[in-house]
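In the two complexes that follow, subunit A is the common piece, with subunit B as its partner first and subunit C second.
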Partner chain A sequence: MAEFKAQTPCAGLLPVTVGDLRLTEVVPGRMTSLAPYRGRVAALSEVMQAAHGVAWPEPGRITGQAAARALWFGREMALLIGPDSDESLAAHAALTDQTDAWAVVHLEGRQAAEVLARLCPLDLREAVFAPGHTARTDVAHMAGSVSRLGPQTWQIMVFRSMATTLVHEVEIAMARVAARQNSLM
Partner chain B sequence: MRLGCPICGERDRREFYYQGAALARPEGEAWAPEWDDYIHNRDNPAGVTRDLWQHEQGCGSWLIVARNTVTHEVLGVALATEAGA
Partner chain C sequence: MRIEGKGLIDRTRPVSFHFDGHSYKGFAGDTLASALLANGVRMVARSFKYHRPRGVMTAGSEEPNALVTVGRGAAQEPNLRATTVEMHEGLWAQSQNRWPTLGLDLLAVNDLAAPFLGAGFYYKTFMWPRAFWERVYEPLIRRAAGLGALSGEAAEDRYERAYAHCDVLVIGAGPAGLMAARAAAEAGADVILAEEDTRLGGRLLAESEEVDGLAGVDWVDEIAAELAAMPNVRIMTRMAVTGVYDGGTYGALERLAPGVAQRPHAPKGCFWRIVARRAVLAAGALERAIAFPNNDRPGVMMAGAVRAYANRWGVAPGQSTVVFGNNDSAHRTVADLQAAGVHVAALIDARPYARSDLDVPFYPGAQVCGTSGRRGLEAVTLATARGEDRIAADCLAISGGWNPTVHLACHMGARPTWDAARQAFLPPENAVPGMRVAGAAAGAFSTRACLESGLVAGAAVAVDLGFRAPDLAAPRGAEASYDIFPLWQVPGKGRAWLDFQNDVTVKDVVQAAAENFRSVEHMKRYTTQGMAPDQGKNSNVAALAVLADATGQGIAETGTTTFRPPYVPVPIAALGAGGKGKGFAPERRTTSHAESIARGAPMIEAGLWYRPSYFPQKGESHWRQSCDREVAMVRGSVGICDVSTLGKIDVQGPDAARFLDFVYTNMFSTLKVGRVRYGLMLREDGHVMDDGTCARMGETHFVMTTTTAAAGQVMRHLEFVSQVLRPEWDVRIVSVTEQWAQFAVAGPQARAVLNGMLEAPIDDAAFPYMACGEVRIGGVAARLFRISFSGEHAYEIAVPARYGAALFGALVKHAEEMGGGAYGLEALNVLRIEKGFITHAEIHGRVTAFDIGMQGMMSAKKDFIGKAAATRPGLMDPERERMVGLKPVGAVKELLAGAHIFDEHAEAVSDNDQGYVTSACFSPTLGHVTGIGFLRRGPERMGERVRVVDHLRKSETVCEVTPLVVFDPEGGRLRG
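Coming up: the complex of A and B.
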């Protein structure tokens, strides 16, 4: 029998550090997309709270903490990140395992927002895009998900097949932001 | 250009894909001049136009956008599911 060995989407590519900017891969346990049946959002939110301690996220918002998060993931769609989804959720929503489908990275640093501003067309100022906010958007021409987990901590997700391109694009943006910073000193 | 998605808020044009004129679909299955108009004939207004756009790189919603082709003013954005297309 052949032996298979699991590889993470960004294996061999990360971490990358440029100045105080740091890009790392995150392997977030289970990821399940939740697509609630018509009129069942409230009921779904209740069983989500009971089973995982996270409520259904409103558009553009994240609920929960690192151990279990629900990320708004598109129209009438959320992504449960962390735990295996409880059976009780299946009565109210279509559940799809996405665990190996996405590359997930964290970008951290004082100028992380400046790096992201080069890659996606969002207003990233903290007054507009605060910690706990999330968006589906264009990340260097890829369909992505961008979330602000903390003032200087961002999570970026793209399809797993785009992992190398994502790392390449973010790395270039990090180097350019850092170069600008150095030239101003 | 920016469009105010009813779900995501104001977003850059790059996140949207143009899907054509927003037209009322004719009733019935029988061929009629209205079907000819629906499939083939388009106005090219200098002024207000009503089009379908999809928030492809955002929430995925289909939207009906009213805008003025002369002034580029966006007059209104509504979800296609609610406004009818």
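Coming up: the complex of A and C.
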């Protein structure tokens, strides 16, 4: 039979641009949750370094760069984003494919933090939540993940099934923020 | 009328607005109140109870009288204070609480009945006959007395909610707040300066005085510009901090400028949650009135408000003004009005020792004891040592002293303390962790003292946070004496108002005390003093002083009522912003959503998930037709159903098997790799939590499924067990619900459909009932489980979610080629009821394994959660309500879930209750209605006839008790 066609979580919904604010879907290659077994964090971090060039992230932190990132993803859990997880990791952690489980979007723009202030209760001031910081948090009443990738670049993740709601909520917040600023809206 | 050359309004930008159908002109920078006064409109409202003419009394959010409705149609917003409504072109406002018009209010007849409408009137009068209260009295009273009305249309207002974080929140931007913000910011703290007014400055905008040699307003502009240029300062005007909550959290309502709010997509307002490590409360003070007979006529205003209208808005509220006070601020009112060229007819100072150099008729030691005028003030009567005197005046400016705005300092339960020297309640010390109070809110009543205390407070909170003390000196501010003389009420004939908003008089408070409502909290509830939109901002202190006098207690002993949020009224639309319609809860959509919608399937909400109810086909006009067809389709050929919403949990690790043994009642460590087992999970209290299948994918890797409804609860439970009860076990739990799109393929043709699609076909030997394994389909690695929730030969196949839509489409297409197709939740439910399979309709939280006949699944060979409780005699008692099947056998065939079961000839009352129905449907397979219920000693009563009554829906059915599994009880079909 014919090969199945893949569909991304936000297919047909993104990108959206409002003023200088931009919301785009990101298809980040493979995403694997890493849940280290008892006492294996250090060992896991070593094999992660060797295989993918990223260290185990401390709580609330991101390691690595665009090609391979490890995102802190909750208690004793990280999400390896980018490469297929190397087999050597399996000896130290439970690995679970989560590539399809999350809708991943990037929010960019001068006022991106203002948009997030309408969606998420966290303190996102740069001194507190700098590039390389991440949190599991409430995103417009969805359990999500918010990461700061750059001064004005944010990654937001929610369950794949909630992609429509995510785009809807972020779009509204973007429009509200832009309308306050720009009289031409 | 306007005073030429005065005020901060922009005379180059005239605007027109409407009030009660008349068109008027105002200027940018006006409030509705200042513009109405400028146009000579004195009567702007009718009072709450007696419908007395009322005028603007204050110049701020504490306004008790001038409540108006702004906007029309769905955008109509009632009970706005005209003193805070920002002027803009086309503003449309109406007065309230009058019928038919403000000028001719027929309900003013209430005023004549005033002797009967005093405090406690409702409680005493409308007690009898009892039924009349709800039907007659209350609607009448509500019509006659009250506030503005809603439109009745769905509100279209856009509000938003947002969060803000800072080191220091400064509440109020008068001289104290500006200095506090400056000091904290200079020290390096992140500062939010919140000001409820449209611009910074506080009282400096309303007074004519100098700061550091500059006009007050110019000094404000200078410091505002400095603050605006600092990257660590966020200035938020039009932002009223409304409440103080735990952990340094503050609620605040922001109203956007009309020009911004009118833009497409712009919000009208925003409800902020501000988290601040420290706060400085610099909310200023509110001037209070003095109670004397007929002190409520339009034209009677607070002295500070009269100065504000003259200095800030260039408006003289009257042509001839009398000023009455008990402190020095009365004198500056005279000076300001005279400087503006407004005639002052008299200065009446209640202090016998007062002196004045002003060129004005001066009456020390005198009191105003009455007023006259029909729709507005025409004359003032004063009592002096020589007797009474009348002075013609259309404006009376009163100052009874100042009440520090201590509200926010008291939101966490502390009470303010009475200061006899200043005759004022001062904020309690350390009443809110991390908050300091500065300026007039702390009892500093001169500009000099406000500037200094603001600087001290701002520096102190910054140092407290570890910042270096700023090198700042307080600017020179005006020194002002206060010298207050206690005067709360002037005796005399006629009603003397205390609470203008609720029409509460001195007599009402005295009456409350006489009837033994002597505590201030009781007095409040008996008289309604201090309720409604203004929450007694104007009246609380004066009312409790009168109460103190009536009871013979001191003011300090009498104390204040409780201060509660919000400080100013907050629209529910702002609190609930974003929660309307689709914003109420997130929507979870399966990968087959678009295809199901395209096929016309109505969606049903299952928790947050949207699932197809049924898939209507041509000619089907009722859901039952579609449902019956889909059931027959599954029993006869094959059906496809999206089951992705069921919880899927990856359980991995060396201790995974023993972990499952511990959370399930039955054994999982014995399960072979490549096999699936049905499992039952109990709560610690021995009652059923959830059920589902669990597949062993590898030696240390299981995939558990949960019901859709309990997916979150089970995940949480497993985390609890792993983190708290068995932390020593090496097991890792991850939800994979969203990773996999999973579909049931059920029916005699299920395998044929799959074999038409799988890369390697399967057969019974390789894939028997309860087998699982990896397969490939459509070029994708998939997981296949041979499990059944329909009683048919069935599979569930899972692919990574990105391929879900493709797989669903292909499965349905193949099924349709074999006479099958997609089926929805209705058919799924019928199929499982026919088989006696449970859902959360049955395991609703108070049933045991014994109740559902699964006590045999409670392994004797191991411990598991809930075992101790579940095996107690009370939970294994044969008398319990236990699960059975039900079949209507009388003339009535209707069987409703929720109905209760009684013995056939017993009266259907709760004493005779024998159980209840949990699920019911028409079974097209059997050709009759069938149901599931819980019945006392149920399994022992097979064949017995029972009476099933639904009292709510007025339905009664005679049923026979049947075995649970009514279709294919041997289960031959699912082994295929």
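Quick note on the criterion: the second predicted complex is superposed on the first by the 180 of 185 C-alpha atoms of A that agree within 3 Å, B and C clash if a C-alpha of one lies under 4 Å from a C-alpha of the other, contacts with A are read in each partner's own complex, and residues count from 1 in each chain.
Following the convention adopted for this analysis, contacts are C-beta pairs under 8 Å (C-beta built on N, C-alpha and C of every residue); 3 or more make two chains touch, one makes a residue touch a chain.
Not measured: the values here are computed from a predicted model.
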A:65 in the overlay: touching subunit B, subunit C, both, or neither? Say first, second, both or neither.
neither
After superposition on the shared chain, which partner residues are touched by A:162: those of subunit B (first), subunit C (second), both, or neither?
second
With both complexes superposed on chain A, which partner does A:121 reach: first (subunit B), second (subunit C), both or neither?
both
Partner touching more residues of subunit A, subunit B vs subunit C, is chain C
With both complexes superposed on chain A, which partner does A:17 reach: first (subunit B), second (subunit C), both or neither?
neither
Applying the touch criterion given at the start, work out whether A:179 contacts subunit B, subunit C, both or neither, answering first, second, both or neither.
second
Identify the residues of subunit A that lie in both the subunit B contact region and the subunit C contact region.
75, 121-122
The answer for subunit C against subunit A in the complex is residues 158, 160-165, 190, 256, 260, 263-267, 273, 275, 578, 582-583, 585-591, 608-609, 650, 652-654, 723, 730, 732-740, 756-757, 777-780, 799-807, 810
Listed in rising order, subunit A residues that touch subunit C in their complex are 1-9, 33, 35, 37-38, 75, 77, 93-94, 96-102, 117-118, 120-125, 127-128, 140-142, 158-166, 168-169, 172-173, 175-176, 178-180, 183, 185
Subunit A-facing residues of subunit B, complex
7-9, 11-12, 14-15, 56-61
Applying the document's contact rule, which stretches of subunit A touch subunit B when the two form their complex?
59-60, 74-75, 121-122, 135-138, 143
